[in-house]
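Letters A, B and C mark the chains as written, and numbering starts fresh at 1 in each.
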Amino acid sequence: MQRIGDAPRIRRLLIGLALVLAALFLLLPLVAIFAQAFAEGVAMFWANLSDEYTLAAIGLTLFVTLLTIPVNLVFGVFLAWLVTRFSFPGRRLLQTLIDIPFAVSPVVAGLVYLLLYGRNGWVGGWLDSHDIQIMFAWPGIVLVTIFVTCPFVARELIPLMQAQGAREEEAAVTLGASGWTVFRRVTLPNIKWALLYGVILTNARAVGEFGAVSVVSGSIRGETNTLPLHVELLYQDYNTVGAFTAAALLALIALLTLAAKALLEWRATRRETAA
Amino acid sequence: MNTLALLGRSAPKRVLPGFGLSLGITLLFVSLVLLLPLTSLVGQLAGVSLAEYWAIISEPRVVASYLVTIGAAAAASMVNALFGLLMAWVLVRYEFPGKRLLDALMDLPFALPTAVAGITLATLYSSSGWMGRLLAPLGIEVAYTWVGIALAMAFTSIPFVVRTVQPVLEDLPHEIDEAALTLGASDATAFRRVILPNLWPALVTGTGLAFVRSLGEFGAVIFIAGNMPYETEITSLMIFVKLQEYDYVGASAIASVVLAVSLALLLALNLWQGRFIRRLHGGKG
Amino acid sequence: MSIRLKNIAKTFGDNSALAPLDLDIGDGELVGLLGPSGSGKTTLLRIIAGLEQADRAPAGSIHFGDREVTNVHVRDRRIGFVFQHYALFRHMSVFDNVAFGLTAMPRRTRPSNGEIRARVHRLLEMVRLEAFADRYPAQLSGGQQQRVSLARALALQPDVLLLDEPFGALDAKVRQDLRRWLRHLHDELNFTSVFVTHDQEEALELSDRVVVMSNGRIEQIDEPDTLYRKPANRFVFEFLGDVNRLEGEVRDGELTCGAARLTVDLDEGREELLLRPHELRLIEAPTAHAHLPVCVTAVSPVGAEVRVELEADWLAEPWLATVRHADFERLAIRRGQHLFVEPRRWRRFSDERAARSTGRAVASS
């Protein structure tokens, strides 16, 4: 088969260029993170990792992520079901609205939550009079994390469910299945991998969110300091190795995310070629 | 619960169940999580006079930050357009060892927390870093300059162009290549006149998304920017600084500018894309 | 310009797509490559075009006239190629599509803009699409797109025009019209054309000569008429039309199969005879030479003739006979009726590729 750009000379040039650029701008930073983290030896790495405040930051990050994922999972599934299985006025608008968190600067996202739930805000004032604190406490961090990560599950599901169409679900309904049964036995098996991937992306972003969280957290060590914020604190303290130790932990999660994605894609293509 | 049932009933008869429930949950979520917080921005600014508003958003230091942000974002997205096109082409058209790894690596900037990217790039390109040491003798300074800001923005938005162009290139039938070749076109001509126009909508969309993302980028940029007033301050940082001074009105005013620009760009991108795609699928050009 | 292929073979991985073959196509000929899918016809066409490279071993060669093009890149072969699904550039207007080959030429050799415009308009006139110059491909019907694709292929005045299943994606009526029109165009412009098809009717109607292919081999090359009357082997015979089979034991010049008997001039042993539907005569009583009792199971009038489906205990699969309306009315054929068949003619192919023999029922008209 003859294709454009097939001449060996062009091919070698372009592949070489791509590999060099990727090594320089993607691989090198990745290597640098781990090199810095282990710059003072493995023992120091472990000492940094088991630091009291680092452990607290890890704990808070996990806690926030665990709360965020189920909320966005449920929302994502309902939204995808709504816009791919029904047509109604405003459907396109809804699909555009859901992309807002992608377009909004994280700092702006943090700001609007601060305005709403802060002591001087509409809701915050009322909550404050009842002694409930949202800003500069973990609930604020959870709220902005939900905001920032809410499109991921829906974004993975919508194109897939659109492509699959509603035929199978309609068939199930004609066979007398209830709504829950249709979803559990027909829809879910078809979308489970996309759903899993949406959760993985939500997880990666929830763990790593910095801008929005830094506005609402107050960064109190051991209390409202998430892992990315902790990276910043250590870095500003000129504790480079400590900062990169926490960074290496986050980079590891990123690498696991990439591996999971590659695995899911490999599965999908293998199924396609097998069919 | 009553309103939900009503919504379900007033709608035309639907085959599949769950319309009322999913509409209710979705609207509730969208209102509470997305819209209500955004309206608080309007509420905050409601008491501000137009003159005051203008004074805040046209303060010289803030204007300087717009220029820095827009300039660096434009440079970053242009670089990414070329880089992304090259990567998409190589990943779709060629087979070579390490291809799967390269493909997976493309998503790293999305998976890596921005703060991590920020401190890593700042360390790499500082005068004592691996890259900084190489570039310093050439008289190139990256860390704590405008170039560093663009570099950080480019890094965090790498996947946009690659991942929008890649599927379009994959779906391009090979007959298109063959038709151009049987008509005697050289590689360069065929690429410029046949391939590129087909990739154009995806390329512009990807570059546009990268630009919007770069405008709002915060975590990756602040570490490498140096944050010198008038020189290397980005607009997101201006908002952050105002907040730390408890100047909520100032922060909100600047945020409203950033938000309006991002949403307008996103809308324009959507409209343009719709027009372009309509032409390819029939309807008057 | 003539096309000469010598010892051309193609393997994909472990699969042989084309066995080494030779093919000569004369200057100005219109040749159809006919075969079922997987027969190698499209591969052969793409090798002629240079879109596919023939195997290096055994070393084959391709000549256009006196010019050897074996290792010439597709862009320098001076061929016109019409793709199965047209492969029009959908972001370009009809005019720009047709002009592409001319505007893509290097500046030194490129005609002036005025000349390009004149040439494109002449081509569009030829394919009767002058009024559509500014439209985009998506705004055209399939037949119109096909004509644009043809005009585009002819714009560079190629030595050779190659068409891959040119009418495959069109509906029957449009296909008919385009076929006639292409034949007309070919006769007028007198270029050498090769087209691929899996439709025998199309191949027989359109071609000067037909190349029948199967399993990467050329089975027969002949004019349509010869091909139909003198098929080289069983594959060609079966591929070119409906076939009825009669299998039985020959003894003393008579073939028997259950209740059926037919006088044949063959040696003793197992034989299989092949009969075309229009070579079967339906009669009310057996003759001295043919005793083939059948029962009518379905009747469907199609155009000028009536298709009659026949079954019998001695038949493994039903037979099909086509009869004229006059005979149909005379015999008052209806479902369930019992009749007899008298073959006017039959063929037999012993073993693959072996000599062929035909027979004629002695008493037939």
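Some points to look at:
As a working rule, contacts are C-beta pairs under 8 Å (C-beta built on N, C-alpha and C of every residue); 3 or more make two chains touch, one makes a residue touch a chain.
This is a predicted model, so every value here is computed, not measured.
The greatest centre-to-centre distance from chain A, using averaged C-alpha positions, is reached by C.
Counting C-beta pairs in contact across A-C and across A-B gives the higher total for A-B. Distance from the chain A centre to the chain C centre is 58 Å, each centre being the mean of its Cα atoms. Averaging C-alpha coordinates per chain places the centre of chain A 16 Å away from that of chain B. Residue positions 1-2 of chain A each touch two or more of the other chains. Contact of a single residue of chain B with at least two other chains is seen at positions 178, 180-181, 190, 194. In chain C, the residues that touch at least two other chains are 51, 73-74. Within the complex formed with chain B, the chain C residues making contact are 49, 51, 73-81, 83-85, 87-93, 100-101, 104-106, 136, 138-139, 152-153, 155-156.
Residues of chain C touching chain A in their complex: 50-52, 73-74. Of all residues in chain B, only 173, 175-176, 178-186, 189-190, 193-194, 197-198, 200, 279-283, 285 touch chain C in the complex they form.
The touching residues of chain A, when paired with chain C in their complex, are 1-2. Taken together, the chain B residues at the contact with chain A in this complex read 11, 14-19, 21-23, 25-26, 29-30, 33-38, 40-41, 43-44, 83, 86-87, 89-90, 93-94, 96, 98, 100, 102-117, 119-121, 123-124, 129-131, 154-155, 158, 174, 177-178, 180-181, 187, 190-191, 194-195, 209, 212-213, 215-219, 223, 236-237, 239-240, 243, 248, 251-252, 255, 258-259, 262-263, 265-267, 270.
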